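Reading through the structure tokens given below for one structure.
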């Protein structure tokens, strides 16, 4: 990994807190987390600002959820303000524990809480086991656990690791609704040398389209398609300049040093009023892309050699 | 308008509550609101379920915000479950009032609240007038006003109409950050005859793409592009079947009875595993589309006549 | 077949003559030729004019040659002037006989003739068997045979059937250079009801592009591609309005009554300044098209039904 | 110009003869023709073979005619065999003289001749002035003039310069049918350093498409379109491998050293089984291309700089 050292020489990584969130759980799956000071931030903007101003060397924040979609706070914070770069991604299966104060029995639970994003995941479990319980949303899953600790609710849905932190016990674990429900996190640092190419990489960027051009999204996609670069995520985000004005946050298969990816990015730089590169980094699932005929690095090199020979008449 | 009568013959319209929200304010701009019973719902799903089960004839819910983007709860509720249709849209400029209990002075305010979506709009105003005030989020703007009434916060950002409802007074009004900040609402009913074509219409639909086809979004856009149909909104939404699996929620210029729109919709019906039509309805801004050469209804008719003559050799 | 009766009630079919050409040979492969009066014409324009003015009910003319490409005289005659329609196609493998006056031996042959199009087919045979013979072109293969009969040349390359017509004998037969060399002929009549759909059909048409639009050919192809219609032939032809001004003569897989073909033709009628339909007719090779997902007639019907239900809210 | 010296150090230029053709007339418009030995060839293949085997340093041959279309002999000879390159183009307005033996009067003319390509140009003039004259085709316009000299015909349509060569006199000049009728010639040499970029250039190449891919032409065009490269000519030519198998001969606006052109050519080299570069050379009409936003050399350079900075995190 190539995260540039903090100007404050800090060893600190921050994450979307409070302690006990899925984000902390995801961060702890990274080997280097063992040697860092891990500090929660109160929000995604706060976590990213801590990186920007040097209080943290990197921040782990959620960027996409297979149930809820893109995490707009993260997308928008990365798209604007002082540039940041993504150096790693982490995938975490979504699974909730049903946490209560020690001694609480299932039949005692009248009120439950959790982050709004948890609700669709636990809805079916609730309908089956506690059809009459009253749900109220909390600011985060860990926050919900704290509110149970304080006695304001009887139970909270949260990550299992929140239990010990707040003195709670799980009555059930591994609760989730959708099979394959997963949250994706990214490790963000100040801009620096891109993570090294592994052969199974992703590249993230944000593209602004010109104001008045209805076919602009089609053109954006064609810059990728003509070079055989697949997209694994595309999100439209408002630019803040009125309804119907978008930028597009995109993850593409491949690394900026893959010729097809580099040429597509340059093509987009040429036609878009604004492009922000967010980094190339190893795919957490380590799936190498299918490269269609004509877009491998070798074919790019051969084509460049051919062009050079053609210019000189060496046909 | 063509909203089908409720099976319960109710005169009731519901909206995303509580009372005093921008949604209520938007609903009251519709002439027919004057003759309806207007009832708040606690959430977008609750509002739409009230329509589905006949407790309300229609529901007004926010669908898009020029600052925050698509309202995912609305997009996802419309995309799944029992079908619903959009019959009208309402645009409401975003502007906040800074509400306090009577007698509170600006210099007394230490804690402020509001919906998280309000924060980016009022951030600049806060930095200028109350740089040290502590912000905590509320479940809705109107909920924030209620919490001020109850004394838990000193001030709330909310729509001006929330003031009288909660016994609060505005210390400032018309607060917003981005020029042209607007929220778009849609009036949703049970499926029925589409609203009549006005010549300045929008058509909304949701398209699912096949699983394994990287160029599928490009194909989707080409079905519109080849018939000269412009899109005013496109949002990717996760299908719930894993990261990278999307459906696309789209607003197109024109009415389902415009030939170019109908042919594009049929084209998409043919290539997409699933399509959900969400309605054609008058544009709130009454802007008629620019129709490029070759896609007017008259040109469609002439082409059909020509094809029919060609088949018979009447060239 | 649906060739409209001649206004002169003639039973006559004409073909690109003189007698003994490959075109006559191709015409005699059609079952109905047995019951017609077959009359040669001196040129493609003459043959087609005989149809236009009622002297012949139909004309067989070559349209494409797998070695020489499109027969421009035929393409241009069909594209302009009084409209005509194609009702059948015939494929004829190209193979030449080497014809001499009775008694001539191979070693006696000093001068040879034939149509210029024959030359690339017989070049290799000549190099091998008569490397020093002098070649001079004739106006047609049959004309070459006549010139041998008259003693102006020693030998002619022509269709084998030209031998008896001109009193010549073949010293060799089945001479051709390229494997699979084939000439394609079309049977042309005055406009009438299109040939019935067989399921393995072709549709021919000519499209003019707007003057000033560099991407116009791309748009033309997209009208076909978006409906999954494959092209088996595309030829650019000058419009006569200056260099770089083209029309495109196209053969598409499928029949005008196939919904995907009809919709593509209508789309082209809408965007092109001029379109000329040249007919739908059975493929001589009887190869049925591969129909990709989404463009079968059934899928078109289902999409139309769906659109009609959507308009009424029957979702 | 950069035509490589002949291995035989010849000063000779050849052209499609015989003497007195339009091709000779076109060649004499080139300044360097004054210092060369100009020698006619009997055919386009003969002219190009003279270049290939070093008997001539260059050959001028017709490639495109605004009335007849692409000159297939030239297109096919350039597409196959030992590679050649185009270094210059010449445009010549088409205009015929009506040539007779001295003393012949218009009313004496019973038989006329000329190249078949002349006929559509002079048809109207003939219909008006000599409606009953009998037309027979000659192998070339100059050949027609020779046949008049020999007394086999009464008059020939040919270039005015053929008159003195064959002892004929013009009864009329500047005869043509279509306004703007023009023939385009190219000066072809052995492969060498491409002609220098002038800012108003053309690039010619031939592209073979994969066998079994119906959308291949669309992809070919998109490689140009996505880089904003306009085509001024596109001709399909049979590959000789059976009906429906094509290569495409293309002229594009711009020079191989224009970044947009080079990238498009490399893209085509990557996706086509075979590409043959035929040269970049100054446009005879000196019309500089319209360069759309995003494809100028400067924008290509800026994009490359941006990509390089992005890789290093210098955002």
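So that you can tell them apart, the chains are marked A, B, C and D in the order they are listed, and the count of residues begins at 1 in each.
Quick note on the criterion: a residue touches a chain if its C-beta (ideal position, glycine included) is under 8 Å from a C-beta of that chain, and two chains touch if they have at least 3 such contacts.
These numbers were taken from a predicted model, which means no experiment stands behind them.
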| item | value |
| --- | --- |
| Neighbouring chains common to chain C and chain D, by label | none |
| Self-contact between copies chain B and chain C, residue sets same or different by half | same |
| Distance between chain centroids, defined by C-alpha means - chain A, chain B (Å) | 26 |
| Inter-chain centre distance, chain A versus chain C - centres from mean C-alpha coordinates, in Å | 59 |
| Between chain D and chain A, distance of the C-alpha-averaged centres to the nearest whole Å | 57 |
| Shared interface positions of chain C, touching two or more other chains | 222 |
| Touch relationships between chains, expressed as pairs | A-B, A-D, B-C, C-D |
| Residues of chain D that touch chain A when the two form their complex | 4, 83, 85, 190-194, 222-223, 226-227, 256-257, 262-263, 265-267, 269-271, 275-277, 293-295, 299-300, 302-304, 306-307, 310-315 |
| Complex interface listing, chain A residues touching chain B | 64-70, 72, 91, 137, 139, 178, 180-182, 184, 214-215, 217-218, 221-222, 225, 230-238, 240-246 |
